[in-house]
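Following are the structures in question.
Look for subunit A in each of the two complexes below; its partner is subunit B in the first and subunit C in the second.
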Partner chain A sequence: MSAVIETHELSKRYRRVTALSDCSVTVPESRICALIGPNGAGKTTLLRLLAGLARPTGGAVCVLGGAPRQDPAFLAEIGYLAQEIPLYRRLTAEDHIRAGAHLNPRWDAVSVRTRLADLNIPLDRAVGTLSGGQRAQVALALTLAKRPRLLLLDEPVAALDPLARRHFLGSLTAAVAESGGELTVVLSSHLIADLERVCDHIILLTESRVQLCGDIETLLSEHKVLVGPRKDTSALERTHTVVHAVRTARQSTLLVRVGGPVFDPAYEASDVDLEELVLGYMGASAAPALAHLTAVGEEQ
Partner chain B sequence: MTWLVWRQYRWQAAIAALLLAAFAAVLIVTGLRMASQWHSLLTTCTNSSACGTVSLGSTLGQDLVVLSLAVPVILGFLWGAPLVAHELETGTVNFAWAQSVTKARWLTVKAGWLLLAAAIWGGAVAALVTWWSGPRNAFYSDQFQPNYFDQQGIVPIGYAVFATALGIAAGALVRRTLVAIAVTIGGFIGVRLMISQFLRAHYMPAVTAYYNPLSGYSPPGSAWVLSTGVVDKYGHVFSGGSGPEVNGVPVSAIPAHCRSMLFTDPTTLSKDKLHQATSCMQASGFRGFSTYQPAYHYWPFQGIETGIYLALAAAALAVTFLIVRYRDA
Partner chain C sequence: MISFRVDGRSGVPPYLQIVQQVRQALRMGVLSVGDQLPTVREVVAEVAVNPNTVLKAYRDLEREGLVEARAGQGTFVRGRPPGPPPGTHSRLGRSLARWVREARQAGLDDESIESLLRVTLRADSAAWDSDSEEIA
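And now, the complex of A and B:
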């Protein structure tokens, strides 16, 4: 399976701020990849670099076998949906469909009309009069109509209510299923719960750096939560890597990347879920700020 | 892209067409009336000095023609300033840029159509004003004067294109429609004033005519007189305006033997004495002069000024392309 996205020490600096530094990630074909990180972590910057809308200031990026660039042939392969759901508020969905037909070499207008008809979204009303969820659906349908090979969605569900989120993600998974393995998706969010059900790959960004990148199942199997007495962990750290530790007066809760079986009977090992994993890595990168969010109660 | 531009601007285009039609209707009605007035005047006199107190024109038409000076700046802030800025503000650039269209092509097509529309609209207004002013120009010969020069011929096209391009560039630079509008209005008026006040007179060398201060002189046709005055044989220039003077020359600068003719009787100053003294001054080497741009410079000036504004528009567009292409955020 070839990599659709491959970056090597990718960096992006704006005049004063570093938006992304030394970002090395790989996303194989036909994955749905969650791009997770707190606000301002560099998610949008990474997506714009991948879409060819921004140019890196350092490192290398390869998307679909070449550097992202302002070139119609490359742009035709990328479906990029920006965070603010960019649609012309006074134009109708039908206007957007026809505009897309003029602006793209491949354009599946039928699929948009079918999709929106299934969702009971009117084609003949100005999109500014539609609800936020409907607008997001229109934008997603238009993005899919390009028949892109890579879909980059920037916080598409952030502004939606839970039901609209469910519908949106449902449409997305349906589209990926229909594509028959041709479509790779990266979608960003600052909420893990949004993406947990649909994604099989993850990139975790905090403070412009990559904390975690890989297949979700593999990552989950490589990590354990150890709960045990508060004691020196240097013995443990000879075989395992402690990602994040929360210590109370009597007890330690450790998130470890396991290097083998855990033998120490003092610890009770349990499997991690994605949320624990992500919060553990986020907590490790911003220790004091997030630690008390993850550990409820009596922290020293 | 063209389809999308048309979809975005068709209502504005319709309104612009309606306004133009209304403008044309008023100018054609008043212009035809003025033309017939002019033809009846032709039977009695040929120019404004020969016709004495007769005046030519129509108040409504004249007001509209003066308003036409504002057309370029209106195009600049209605079409130019929002072109990039509004799409950035509403985020809709990300719709266009997410299609299989490069940023450069998006800007080329959008700016291209809007600049063309501005040129056509500004050109149509200018053509109407030029036609309307025909009898006035023949009657008053003032089409080369500031403000009249700026309404007629081809310069309004240059202004319209520049104002629109300036608006586009300002919008791309400041990314806020309202700020871009302010920058466009201020920048356009500033450039217009600078060029019309300080630059225009120097496009081509002016002509200076010397004449007998007794007879007076006015350059032929619709010349643009830049300065007039009196010069003595040493080359001192007197343009009047300070203290007692004779034909623009201060009394103190008049040679003593001529001055004595003026004041043989200090209480009276007759026309006859004035005439005598002036003849004396002429004999002593005083000459009147008039520096002007001759009427045959009118079209070269129109061409030069239009060229300057088109060049400024090209510079503004080049800046816009660089900004849109190289700014990432």
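And now, the complex of A and C:
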């Protein structure tokens, strides 16, 4: 399995602001990758660098075997859907389909019409009069008409109600199933429950840096939550890495990356889900700022 | 054809929920030998899960001998899980429903009914175990 995305110490500075620093991530082919992080963590910057819409100020980025660039051959392989869904509100879906045929070397107009017909979305109404969920579906169907090998979606479901979100994600996963392993997706969102259903890979960014990157199932199996008495953890840390600790006067709750099978019997170990994992790593990087509020967070 | 539900909060992995729903449909007679399961594309379009989740579920069912994948056609039911025929389930279901109604009339709430069921199951399986030990 080859990597569709590979970055090495990728950085992007805008004047004085560092939007992304030393970002090294890999996404193998046919994955649906969750891109998670607080607002301002660098998610949109990373997506724009991958799409060739921004140039790095440091490091290297390789997408589908080459550096992202503004040339038709590269852009034909990439579907990019920006946060504010880029449609002409006064034009109909059919107008968009015809315009796309002129603008793209490879264009599957039939697939768009079929997808939208399956969803009962009219082709002959101005897209500005459609619901938010329908507009998102039109944009996704148009993006898929290029038959891209990489789909980059920047918070596509943030503004949708739960049912429209479910339908959108259903269309997305169906497109991945149809592609027979040739479509890779990166999807940014704050909705971890949605991402947990749909994604099998994760990139977690906080404060412009990568906290986690990899196969979700593997990462979950490598982490445990330990609950036990509050005590010195240096013995524990010889084998395991404490990612995040929450301590009360008597009790410690530790998110650890396990380094071996042996656990201290004083702790009760349990499996983690994606939300606990993400919140643990986010909490770890935010701990100094939050310490005065909670008085229990500790940076490890 | 059956449709699946995937509950993200149940604590049961999504692939296992699909496996359990197929097994249940086979036990209840909703699915029978020769029936086709929905395609991976159809399942993910409906429940919005990763396609590999469905593939994993179907592979597990295939390993159990319950379904078979036919190249280019889809996945079909091949056998039933061990256990009594579908009629037994619906008959027992009906008598359980009568019992539940009686329990409610006697003033038991859901929690009491569930704990009574758990206790009875545990006591009964202990009795089963000692019976089989005596036979052995």
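Just so it is clear, the second predicted complex is superposed on the first by the 286 of 300 C-alpha atoms of A that agree within 3 Å, B and C clash if a C-alpha of one lies under 4 Å from a C-alpha of the other, contacts with A are read in each partner's own complex, and residues count from 1 in each chain.
Everything below uses one rule, namely that a residue touches a chain if its C-beta (ideal position, glycine included) is under 8 Å from a C-beta of that chain, and two chains touch if they have at least 3 such contacts.
Since this is a predicted model, take the numbers as computed values, not measurements.
Residue contacts after overlaying the shared chain place A:E84 against subunit B, while subunit C stays out of touching range.
Using the contact criterion defined above for the overlaid structures, shared-chain residue A:I32 touches subunit C, although it does not reach subunit B. Legend: residue contacts after superposition of the two complexes on their common chain; A:A193 is shown touching subunit C, with no touch to subunit B. With both complexes superposed, B is the one of subunit B and subunit C in contact with more subunit A residues. When both complexes are overlaid on chain A, the residue A:A177 reaches subunit C alone and has no touch with subunit B. Shared interface residues of subunit A, touching subunit B in one complex and subunit C in the other, do not exist. Within the complex, the subunit B residues that touch subunit A are 1-4, 7-8, 90-105, 325, 328-329. Per the touch definition, subunit A reaches subunit B in the complex via residues 12, 14, 48, 51, 53-55, 70-73, 75-76, 78-82, 84-89, 91, 95-96, 98-100, 102-105, 143, 146.
By the touch rule above, subunit A contacts subunit C in their complex via residues 32, 166-167, 169-174, 176-178, 193-194, 196-200. Within the complex, the subunit C residues that touch subunit A are 6, 8-9, 14, 39-41, 44-52, 54.
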